[in-house]
Each structure stands twice: as C-alpha cells, then as structure tokens.
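Labels run A, B, C, D, E and F following the written order; every chain starts at residue 1.
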Amino acid sequence: MCKSTCADQKGTEELESKIGKIPLIFRELAERDPQMYDFSLKMDNFIWDDGAITRKTKKLIAIAIATSLRDQHAIRAQMAGASNLGVTSEEIDEALRVTYLLAGMPAYVAGKVAQNEIMGE
Amino acid sequence: MCKSTCADQKGTEELESKIGKIPLIFRELAERDPQMYDFSLKMDNFIWDDGAITRKTKKLIAIAIATSLRDQHAIRAQMAGASNLGVTSEEIDEALRVTYLLAGMPAYVAGKVAQNEIMGE
Amino acid sequence: MCKSTCADQKGTEELESKIGKIPLIFRELAERDPQMYDFSLKMDNFIWDDGAITRKTKKLIAIAIATSLRDQHAIRAQMAGASNLGVTSEEIDEALRVTYLLAGMPAYVAGKVAQNEIMGE
Amino acid sequence: MCKSTCADQKGTEELESKIGKIPLIFRELAERDPQMYDFSLKMDNFIWDDGAITRKTKKLIAIAIATSLRDQHAIRAQMAGASNLGVTSEEIDEALRVTYLLAGMPAYVAGKVAQNEIMGE
Amino acid sequence: MCKSTCADQKGTEELESKIGKIPLIFRELAERDPQMYDFSLKMDNFIWDDGAITRKTKKLIAIAIATSLRDQHAIRAQMAGASNLGVTSEEIDEALRVTYLLAGMPAYVAGKVAQNEIMGE
Amino acid sequence: MCKSTCADQKGTEELESKIGKIPLIFRELAERDPQMYDFSLKMDNFIWDDGAITRKTKKLIAIAIATSLRDQHAIRAQMAGASNLGVTSEEIDEALRVTYLLAGMPAYVAGKVAQNEIMGE
C-alpha cells in the first residue's frame, strides 16, 4: 500500500535515470513532506533533463558546486550517481581543479576525499 | 619596456585563449605581485587546458561555482569570457538551474542578472 | 498583449500578496525563462503560504537567512516586501540580532544598512 | 567548588530557559575561556530575550540560519532546544522550506536529517 | 547634546585606537540600536585588546577572514583602519595569499581590489 | 621505489617545515594527481615562506579562515601543524575571538572543539 507517493512513482524513476542515483533522504521526503517532495520532484526532473547541456555535464557542475560550498553531504549525494551517468574519475579530477581555483584548496580536497571513497580512486 | 611580466607574455596570451578573457585585475597582478602572478598563471594554464573535459565545459562549471558562492565579481569575470569560448546563453541558463537547485533562488538570480548585463539576454 | 506569462497572472498576483513585493528580476524571468518561472512560481506560492507559521514570520526568516549569507541582493529583495506584510522595524532589529549571533557582526551590519535604506530607519 | 562561573550561574540558567538547551560546548567555555563566556552569556541573554518577536520565533530563525549556512553542529545545537520552547515539527518543516528557497536543496536536506534525528520525525 | 552614547564615549575612543578606524555604520548603531551597540562595544573592546597576539596581527586576521567570506563591506571596513595600526601593504599581500590558498582566487582578488582602493597600492 | 613524487621529495620536506604538518590527503595527491600536486607544492612553498609576516602568523590566519568558513577538515588540517610552528593555545584563543566577531558564534565554537581535540586544551 502506498500513500502520497504512488502517483510519483514514474517521476521518481525518471529522476533516478537522470541523476544516476536518488539519495535516500530525498526518497524519505516522499513520506515526510509529500507536497514538498512533489514540487521538488517536478523541479528536479525539469532541471536535470538533457537540453542545451547534457545531464552528464550537469552532474559535473553539481559536483563542482557542492564541493565549492564544502557541503559534505551534497558532495557525496552528487558523486554517488556520477558513474551511472558515465562520468569518469578523470572528468571529476578536472572539475575539481576548477573548484580549487574558485573556492580554494580545502574545497578541492573535500572533493578528492569523497571521490576516493565513492569512485574507488 | 616591460618589467616582470615580459617572460609571461606567452603564458598570458595562452591563458586568454583558454578562458576567453582575462579580467583586468588579474592583468594588474603582474605588476603588483609578480611572483603571485607567475604562480597563478602557470596554475591557471594547467587547470584551464582542454583535457578530459573541454575548456567550454570548464567555463560553465566556473560560472556555476561563482554563482553558487554569490560572488558578483567572480560571476562577471567568468561570464565575460564565455561567449569567446562558444558558450551560449541557453547553456548558461541550464547551468544556472543547477545552481538554483544546489544553492537557492538568490544565487540563480545573481547569475541571471549578470548574464543579462554581459551576454545581452 | 502577453506571451508566456498570461496564464500565470493569477499565480503572480497571489505570490505578491504573500511576499509583499515581487522583485523585478523575478518578474522578468517570466519572459526570459518561462518554464523556470512557472516552476518557481508554483514552488514559491506553496512555500510562502500561511501554514504552521505565518507569512510574516516566514519573511523574518527569509530576511535573516539572506543577511546571514551576506547576499546584498537577496537582503534587499526580501526587505522590500516586509512592511507590506506588517513586519515592523523592531521585529527586523531582533531578527538581525540572531543573525549577529549565528553569522557575525558584518552580516548583522549588512542587514542594518539595507533596513535603513528600505524601511527608512 | 567553582571558579570563574559561579557568578554566572543565574545568567546560565536564564539563558537555558530562553534557548531551550545550552550546548555542552558552550558550557565548557565557562572553564576554558571565562571572559569570552561572560561576554557571550550577556550578549546571548540580551539577544534571546522575548521582545518584538518571541524566543520561539527566534529559535525558528536560528534553525533556518544554521541550516542555510550548512553548519551541521549549529543546526543540531539549535534544534536540540527547540521542543523545550514549544517549537513543533510542522513549524520547522515550513522554516526549512524557506531555507530551500534561499539556500538550496542540500541546505534543506541537512535540516531534515537533523530534524529526524533530534525531533524523532 | 547626546543621548544614549555619552556614557560610551570612552569605550568608543578606546575601540578606535584598537581597530584603527570605526566604520560609520557601527557609529550609527549607537543611535539606532543603543543596547546592541553597548554590548558590541564591550565585546569588541575585549576581542581587539592586545594579548597573546597584537591588535596588528588581529587586524591581518580580520582582513583575511573578511576576504575569505567575500564580504565587500567587511573587507573595506577592516582595511580602512589597517594603516593606522601600522599594517603594511606587504603584510596584507601575504595575508591575502593565505586567503588564496584556503578560499580561492576570487577571494584573493576581492582583497587586492580593496587594498588598491584603500591603501593606494 | 617511487613514481612521480621523487623529484618533489625536497619540496615536500620544505613544506612540512613551513606548515608544521602536511595533511595525509595532500600527501596522497602526489600519487593521485601528480601534476596538481606539483603545482600546489610550489604554490604552497611560495605562500607559506617567511616574509613580511612569519609562517606562525600565517598559520593563525589560516586557522581563522578555515574556522570562519566552518570547514571541519580544513580547521583540523591547519591546527594539526600549529604547535610544531610554536603557535600556542592562547594565540589560537584570540584568533578564534576575531572569528567570533566576523563569522559568528558557531564558527568560533567549531574552532574551540577542534582546538580541544588537537591541542589537548
């Protein structure tokens, strides 16, 4: 049996294919704050859609932003789905170097630590 | 006649071709803090080189980071060279949407304002 | 004559009543990125609705967040609509003191400067 | 037996009643840096006093700021005392939605994770 | 004639000698929020006092923090009083290089721009 | 046997003497991203050199920046080498008070927690 999220099953699967992996906490939002989940799901599906730039490039952008904000959870959440979208470790290396330039060495290092844990490199 | 920066003329030209446009303040660094300029120039030329990801993608990443950090000067400095690298306004639109998701509406808006001023859209 | 935003006229008016004043840049988004505008409008109308806490309290929260992030544009955008929602200068004073505690003196000062400009105090 | 903090016993109790729960680290400050503790205690008692806005509203503001700054410790420190002041989980939900708008999805998620741990929801 | 701030005249002069120059906005706080001014003045006089590190070193630290947070107003407020405390432009150069390392090139550049405007170099 | 980093052995030792202790993650960078390591090592050796301000003062600045950015890893990485450079706990206390002023109580507290863990005080 399902409550609020049944209708969103399709939207959830669609989003997973776009971002590689949906973080558990986002899935739990479907029960905890269904309206917020519903709006976020639509917004996310819109934002992550292939368009002028591919979802793979969007993933690299998201990793770089999360790293620049030194947000440990966001870095891991974004990196977790990266390989499913075909993002390579070399591409992340280069995105993190841009992070170094614009946000400093500790931001770069935070990215490298997570990359090592998640992508086994 | 030139002082410290003559030797770096080539490096400076190389960097301009990679990032689209070197901000004036960075150029002035050559006189004000030549050693820092020298190290930065080498680091920048290394980071912005085409590799696993293109410099165009790196530019989109840099715009997204600067916007997420709500850094007005960095946003403008990065956007100024974007069109010279072939970055389109549609691509920036989509990069800024990722910024919205990870850094909030005001960060997205800061990017749109600068995009409008600099890219005439 | 109107293009994409006609259908959103009602949503836009609804949002204005909730946040006190819609920033110009957000209005312009209707033309520049209509899909993003549409999603944002729905999300905003959901978030700013009176619920467990009033929109007036939400406005104080938004002012405090914008100030803590030292985001000059967001501070001004949020403060511009405050008096229309019945927020007083004394209430902003106290919200900014919480900002001082959690984000430091310069964040507090940024709020006071904007408050002085916008609320004439 | 007590050292520097005896005189502040009353101030400390007063603060606890205002913010719901004083973090252990702040208590320890009384021994480690008594002068800093003394100034902070007075400042905190002033800031958290009921005034134009209630301490309950101030607590919601503090939670929203800490979440927007993605500061894991501050989020937990602020949330720990929330229920003692009568703050409900529904109110935090709505404060966090404002955080989503101004600081992005990962900031919102950081708040939801802590809320789940601390308020059992 | 004076209102709330007469009694704080001495504290204000003391602070000016410690931080080099009190920003106008902080002076105005004496009229706008006298209680907040009073607490801040005492806290500031405590923090800026010579101790294990000199006020000159504290000024360099404050400049580096403000720059790392990319806070244009705080950078200028801190730099304005620097030369009165004997801080040299060479010392600021080196403090800003540490900022580069920990907070990225745009933070460093924000510091250099302000240094150029305020210290004429 | 060594790969890319043999040539940098001297630079690495030199840096360790300047910053007190090189974080493990930075050492690992020598294998994982040797070119990035090489550029960073040169940049770091330049930035941390004694000059107009001593490396000890630079360390205090670095601790204050990392704390202001609420970057747990950077705070610990910087504090780990502090005592090797002769930085005392009293000096860190005073640097953290400047952090309190410019970045808020939670930033100060983050510094105190790390100081307690690492410097045994």
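By definition in this document, a residue touches a chain if its C-beta (ideal position, glycine included) is under 8 Å from a C-beta of that chain, and two chains touch if they have at least 3 such contacts.
It should be emphasised that the depicted structure is a prediction, and the values quoted were computed from it without experimental measurement.
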Chain located farthest away, centre of chain D as origin (C-alpha): B
Interface residue overlap between copies chain A and chain D, same or different (over half shared): different
Centroid comparison with chain C (C-alpha atoms), farthest chain: F
Where chain D and chain F are represented by their mean Cα positions, the distance between them in whole Å: 30
Whole-Å gap between the CA centroids of chain A and chain E: 39
Per-residue multi-chain contacts in chain E, two or more chains: 36, 43, 46, 66, 69-70, 74, 93, 97, 100-103, 105-106
Arrangement of touching chains [line / ring / star / complete / other]: complete
Chain B-touching residues of chain F, taken from the complex the two chains share: 35-36, 39, 42-43, 46
Touch list for chain F against partner chain D, complex: 70, 93, 97, 100, 105-107, 109-110, 112-113, 116, 121
Sites on chain B touched by chain E in the complex: 23, 25-26, 28-29, 32-33, 36, 40, 66, 69-71, 73-74, 77
Chain C contact footprint on chain F (complex, rising order): 100-107
Sites on chain D touched by chain C in the complex: 43-44, 46-47, 51-53, 57-58, 60-62, 64-66, 68-69, 74, 88, 90-91, 93-95, 97-103
